[in-house]
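Here chain A shows up in two complexes: once beside chain B, once beside chain C.
Now for the complex of A and B:
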């Protein structure tokens, strides 16, 4: 299992995506699915950094773990910011509304949920754990 | 991420290259809005943008509202399949005029 630990600031987003893309390539995930996985992880990492650690002069770390199994690649994002369950908020409304009437926000979690085969959240031992799973091609 | 700007006739052509995420979107937004005078015709060429998160969607939303509110128009060009997927999933694609090439985008202002 590979892992990456970066400080919880926005400058770390690129390194997190690069790590996820490298893990996806190693697992033989196709490019389109790999892009979507990196998008899902990036969206949640952005929320952790802006809302979880936001306002803290000394933000904690974000830890990214990649675990390749027979049939799937699992990415886990861990942070020590206050507990936040991305499933606690409802779906954004008005996705078909004209841009003039759009609320700004909520799109990141929405995209994350739809960009991987499985997305779940748990709070364990004082850490938020956001878990992303992409199935590997069996051919 | 880099933003460059040139003028083609009455159209401000803004080319973004690199990745638009939570750390780069604010700079892109302020650079684009700096040329958004009233009645502005703005073409944003995204053919060299290889990644865009919802931070980029928010940036486009703010640009669209600001420019439209001043009687201007925004056109996008060169969206990759990945960017189109993201914009389609969130309902953004239908509300932006978008074209494959800069030339086609420029023609849309005439």
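Now for the complex of A and C:
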């Protein structure tokens, strides 16, 4: 299992995406699924950094783990910010509403959920764990 | 890849060209470019995205900001978005509110 540990600030997003894309390439994930995985991870990492660690002068780290199994690639994002379950918020409303009438927010989690084959959350030993799974093609 | 944004005014059309990766870290400079373009009171705003490799929801929020800042009478065009970026725009329903074009077509934009 590969892992990457970066400080919880927005400058780390690029390194997180690069790590995820490298893991996806190694796992033989196609380009489109790899992009969507990197988007999902980026959205949740952004929320961790802005809302989880936001306002802290000394934010904690974000740990990214990649685990390639026979049939799937699993990416885990871990952080030590206060517990936040992305499933606790409802779906954003008004996705067909004109932009000028839209509330700004909720889109990141919405995109994350729809961009991977499986997305789960757990809180274990004082750590938020966001888990993303992409199935590998079985050819 | 680093995010870059440049703005030019051509009459009452503002053209904002984006390249690289537009994440939450880069959204601030995109937002500043929109504010700068809005200050000139354009009738149309064209976002050229053919060199944009990545766009997170932070980029979508700037599109919302642009529409709210400039008002409903200003049309927003998105030109040349790559498939992956296009998919995000469509998944969130933003394609209903912006005009999507494959290539920059000055006369179509002017006469829209």
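General observations
Convention: the second predicted complex is superposed on the first by the 139 of 139 C-alpha atoms of A that agree within 3 Å, B and C clash if a C-alpha of one lies under 4 Å from a C-alpha of the other, contacts with A are read in each partner's own complex, and residues count from 1 in each chain.
Note that in this section a contact is a pair of C-beta atoms (placed from the backbone, for glycine too) under 8 Å apart; a residue touches a chain by one contact, two chains touch by 3 or more.
Just so you know, these numbers come straight off a predicted model, no measurement behind them.
With both complexes brought onto chain A, simultaneous placement of chain B and chain C is prevented by a clash.
In the superposition on chain A, A:70 makes contact with neither chain B nor chain C. By the touch criterion defined above, A:91 reaches neither chain B nor chain C. Contacts of A:125 after superposition: neither chain B nor chain C is touched.
Applying the stated contact rule after C-alpha superposition, one finds that A:108 touches each of chain B and chain C. Residue overlap on chain A between its contacts with chain B in one complex and with chain C in the other: 10-11, 13-14, 17, 32, 35-36, 38-39, 42-43, 46, 49-50, 95-100, 102, 104, 107-108, 110-111, 114.
On the chain C side of its complex with chain A, the touching residues are 21, 23-25, 54, 56-58, 60-61, 63-65, 67-68, 71-72, 76, 83-84, 87-88, 91-94, 96-98. Per the touch definition, chain B reaches chain A in the complex via residues 19, 21-23, 51, 53-55, 57-58, 61-62, 64-65, 68, 81-82, 85-86, 89-92, 94-95.
If you check the complex, the residues on chain A that touch chain B are 10-11, 13-14, 17, 32, 35-36, 38-39, 42-43, 46, 49-50, 95-100, 102, 104-105, 107-108, 110-111, 114.
Here chain A touches chain C in the complex through residues 10-11, 13-14, 17, 32, 35-36, 38-39, 42-43, 46, 49-50, 95-100, 102, 104, 107-108, 110-111, 114, going by the rule given at the top.
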